[in-house]
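Once you scroll down, you'll see the structures, which are given as structure tokens.
Look at the two complexes coming up: chain A is in both, with chain B in one and chain C in the other.
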Partner chain A sequence: MRDRLGGTGVRSAGGSERAVSTDPVVTVSGLTVDFETERGTYRAVNDVSFTIGRGEIVGLVGESGSGKSVSALALLGLVPKPGRLIAGQALFDGRDILAIPPREMQALRGRRIAYISQTPRAALNPSYRIGDQLDITLRACAPELTGTARSARALDLLSLLGFHEPARVAASFPHQLSGGMCQRVCIAMALAGSPDLLIADEPTTALDVAVQMQILAYLYRLRRETGVSILLVSHDLALVRSLADRVIVLYGGEIQEVGSVDAILAKPFHPYSQALLASVPDPSRRTDRLAYIEGYPAPVPPDATGCRFAGRCAMAVDRCRTERPNLRPAGADTRVRCHFTDVEGGRA
Partner chain B sequence: MTAAPLVETRGLGKTFTSGGWWGGAREEKVAVEGVDIAIPAGGTLGCVGESGSGKSTLGRMLIRLIEPTAGSIHFDGRDITAIGGEDLRATRRHMQMVFQDPLLSLNPRRTIGANIARPLANFGIRGQESRDRVERLMRLCGLDPSQATRYPNEISGGQCQRVAIARALALEPKFLFLDEPVSALDVSVQAQILNLLLDIQAELGLTYLFVTHDLKLIEFMADEVVVMRHGRVVERGTAEAVWNDPQHPYTRNLLDGVLRLDAPPDWDALTRRLEGVDTGAA
Partner chain C sequence: MPANGPRGGGGARSPGAPPPDATDKPPAGALSKGPVRSGLRGSDPDMLMLIAKRLLGAIPVLLGVSFVVFVALQLVPGDVARFILGYSATEENVQALREELGLNRPILIQYGIWLGNVLSGDFGRSIALGVPVTTVILDKIGASLLLMAASLFLVLAFGLGLAAIAGGHHRSKRDRVVVLFTLFCASMPPFWLGIVLLYVFGLQLRMFPISGMYDMANPGGWPDVLHHLVLPAITTAVSSLAIVTRVTRGRMIDVMTQPYILAARARGLSERRVVYLEAVRNVLPTYVGISGLQIGYIFGNAVFSEIVFNWPGIGLQLYQAIIQRDFPVVQGSVLAIAAVFVIGNLISDVLAKALDPRRSA
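For the complex of A and B:
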């Protein structure tokens, strides 16, 4: 795959900047986003800080409204409306990408930082052939390529994503392809600029189980071959578990728990992580009812106090509603935002 | 389950024809072929398969939203394959459908209450009786009746799906075709909706066809399972048997695709398989 990626030019996958290093590809600190709606101002993301190492896959887990997509989009300089960036920094290549001028962000977006969405069909232009859309992307990402080289590279990218007949796919319109095929096309496009960071927002939610595995396997292979870092955004713990090295659990716009995927899956500390884990159907034990979290996540005003999960938490006490817990270590590999973790140094 | 089948098909098939317009070549696509199923009253048949396997087409034929091109459909002991007009309308109130995308399946310009009341109005139930029924349905589906005046975009996806279920139940149907009813929902909300579906089934004695691509859910929801591929049933059995001891290679393939919480998949083996695909591509 490396040969294919490097073979037709663009930045070489073997370039020195790909060298394995421990420094993070992106460092986010204090990211805070408000949503200003007719009904008032809500805090979508509150004081979110995390790093993504080079070649690392970080899973960002949370329900709709947890702020996971907003956090991910902020890394592309695309805080969705009616969102407004209140505070925060995201260092990428020594520069704060939340503060750089739009033109400079434009140069990074799609090339150094790429994005694949959960609606591959919507991400493609319905009235252009796949090949033409790839060509437009390559024109922007690799202006040094000639037209013929671009066509060759477009076909290369398509066969890299497992298309048996890349030329036929290139000549197709999006509506002639299945959802899984559209997503593979989108990943091919994201690869056009040989990115350092790939943001995958629910990349398989709209796809079949079998296709899901295929897409995830491509992401896995991509990381192995090119050393790209991936921020994997999903509501599905099983999906994140399958691919990520580390997990960030978001709820109410705040990080509730963060740690290695093995540690969190084996022993989640936060009541929210525990409940989330319990609500996944487990076919190995047939139950009559699934465990679930009562109620729905509620929007939080900017001046909210207390734990974001207190309203739905089975163990909440008065202190949880008034005092915001800090993110503190619990176990060797985990940090948790819950008052109960400091009582006994973590629960069983 | 020993109950007589509420829904039964014999040799059911559907071939879609396209093109043949302005000199274009006519194309035929077999979506469903030779499907025999029987769903006992009060039972749940799970139907799994990939997109394009014909599982949704099958479900839509059962409730006569798509006209079959072969075979027959029997509902409540009656052949409904060819009925039409008022007869079909009267039969259809006993069969309803819940769609995948709750927001898209509701009318965004109408309140939640009006959405639920729409099928009632279709059958002449209006005014106070309609309002009473809507309130009962909302309670049954875990919704606060005071939310009846809100619009679909003001509530969450899980609540929208509850509204869609309430609407499907409005005419007191016997049979629900559940087409990926939780695929668009968050995991924690999925559990709420699945529990709700099981609760109302137990309470109202409903019969379900539960279509999904997620085998984890089938095992939880269904008594019997059919696995579909290219429009045909390739495997059938109890949910447990299919889960624990799949016979058809395609079913095994589907089961391999189920992501588990206990351990990550063997990506190296899986990517080797992809590489095999790649070399065969040139």
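For the complex of A and C:
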């Protein structure tokens, strides 16, 4: 199926070809993760529910500490220490992958659910050649292949990611490659199985702008030509806008707003989404000051009440600090967690 | 995740351009000679340079060691000539022997003469045995090297194994057991441990011989030697084993937190492959380096176990030479030990460098 990856061109700016089936590849409900540190227990992810459709690209947006990486890693069964899964269900292939035995989860990783990280070079073992690492991965993800078939497949995967001299890349160590090349190698490894879901955790953060676009182009082509669903974790709204079909805005471990990328980025309801969007610099307007959100996200204890954003929200009233708002419909296909969606006909 | 804000909107909005060909080439120069091969290759100029540098550096080390020992021997109480001739000898005879042995000359002159002889291959004659020192050393160093090799083997094999098991599963039950075991090993002085092993496994359980290298009544070739080797080798190895295990385990714990370990898990590798294939490979430079440093300690501990187990090696010879004031043998033995130490460290340095693919020039 990866032979179809040969074409060129990614989605044009308009994004007309969003042929996404409604059949979900994964349905997450009530995902809750606590971090048990020496200074107390904090809730990193609270009651997060979402679905990802087959072939859909979902952006998971939020600033550092919003719980987006933890949510993503939870889907791999790899909640980082000292995190602990408190509650939640993630239906994948009719099974709850948060509850299955570790051995079965390991069989899904790489083969059905793949992962690429924000630090491509660090995600590659510094002591092994690229070819050897691909071989190790293929051994785990495609055990039916024999030795020679594996090496041929490894070179194929590298060619698919645009390497014109795959043998030379395979014989290299990670430190001999550029960051962009490392990320392409990581994507090649992610394709070693036949993933239905690719979790991309800030895949372009460590790369320069030209290479970012190249990686995005590969991800977009990958979705179009293999039908893989992508969970795109990012703090970069521009990246999400250019790639995703739907956006989930995460703050304080809770979903604040969820909806189609066009709706949310054109007309965000939640004050946090608005502030996040406003802080994207607009190159067409010269200003002396960049907009930003005052303060930092604070760690939240498990029994916190009120809106997670209340402490930094310009519109916050007393009710916001005491009563947790529910996620409510606030438009055609948007849901928002804000008390102000009641007033003014759902517009904050 | 870095806290920098969202990037300029214009950049990534239309990722339409196909990947530029230029980025396909590795960074300039990186692959110009083809990928670097890890492992020892005679043609690697960096490696030859390292070896040459280290060999040059060994010269002052050996000079310094021999000089310090030479001076230290002058401080040992008692007169050599008197010791040789016995306490009934007349003062004139003692003085005559002092003159004959050159003991009345200044220390620096004595050292210069000894050094000149050593450089021409003459280490002098043993005062007690009357044979050339080289003969004594060559006679004994084989047994010592065998004991050292056996101890080093125990340190290398169990050190890496225990470190991988413990560090790969940090804070697990097996990790705690290994840490406790290394604490126990590190706390054992070799002379005491040797006597305990000798008593328990030699005298009480009668599993192993308690002395020497061969069964005198019924010598049985290599199996016999190995049988004799077990207890002295363990005695020599334990404290170094503790250090190698501790240091390698620490590095292992560090490696297990690296992003490539998470990435390996995410690629569906079994935990066994993650620990023993992905992680262990990256502790090898540390492990080889710390093991090389242990060669000196192993030789030091070997002196104790050679004495306890009457192992006919250079350590036992050195001990006897010191007791007998046989200074030429002491000097020669110390120089031989220092040479083994320097060569061992050189080998481990070269290996550690070869094991790190990112090694610099």
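The rule is short, and it goes like this: the second predicted complex is superposed on the first by the 327 of 348 C-alpha atoms of A that agree within 3 Å, B and C clash if a C-alpha of one lies under 4 Å from a C-alpha of the other, contacts with A are read in each partner's own complex, and residues count from 1 in each chain.
What we mean here is this: contacts are C-beta pairs under 8 Å (C-beta built on N, C-alpha and C of every residue); 3 or more make two chains touch, one makes a residue touch a chain.
Remember, it's a predicted structure, so these values are computed and weren't measured experimentally.
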Partner chain in contact with A:L243 - chain B first, chain C second, else both or neither: both
First, second, both or neither for A:A114, with chain B first and chain C second: second
First, second, both or neither for A:F269, with chain B first and chain C second: neither
First, second, both or neither for A:Y251, with chain B first and chain C second: neither
Chain A residues touched by each partner, larger count belonging to chain B or chain C: C
Contacts of A:F340 with chain B and chain C, given as first, second, both or neither: neither
Partner chain in contact with A:S159 - chain B first, chain C second, else both or neither: first
Which of chain B and chain C A:Y42 touches, first, second, both or neither: neither
Partner chain(s) touched by A:E202 [first = chain B, second = chain C, both, neither]: second
Touching partner for A:F50 - first (chain B), second (chain C), both, neither: neither
Where chain A meets both chain C and chain B, residue numbers: 63-64, 162-165, 178, 180, 205, 209-214, 216-218, 220, 235-239, 241-243, 276, 279-283, 290, 292
Chain A-facing residues of chain B, complex: 50-52, 156-159, 184, 186-192, 194-195, 198, 213-217, 219-220, 240, 243, 253-254, 256-261, 264-265, 267, 270-271, 273-274, 277-278, 280-282
Chain A contact footprint on chain C (complex, rising order): 1-21, 23-24, 26-27, 30-31, 34-36, 258-260, 262-271, 273, 277-278, 281-282, 284, 355-358
Residues of chain A touching chain C in the complex: 8-13, 63-64, 68-69, 76, 78, 80, 106-111, 114-115, 117-119, 122-129, 136-137, 140-141, 162-165, 168-169, 171-173, 175-178, 180-181, 186, 189-190, 192-193, 202, 204-205, 209-214, 216-218, 220, 235-239, 241-243, 276, 279-283, 290, 292
Residues on chain A engaged by chain B in the complex (per definition of touch): 63-65, 159-160, 162-166, 178-180, 205, 208-214, 216-218, 220-221, 224, 235-239, 241-243, 265, 275-277, 279-283, 286-293, 296-297
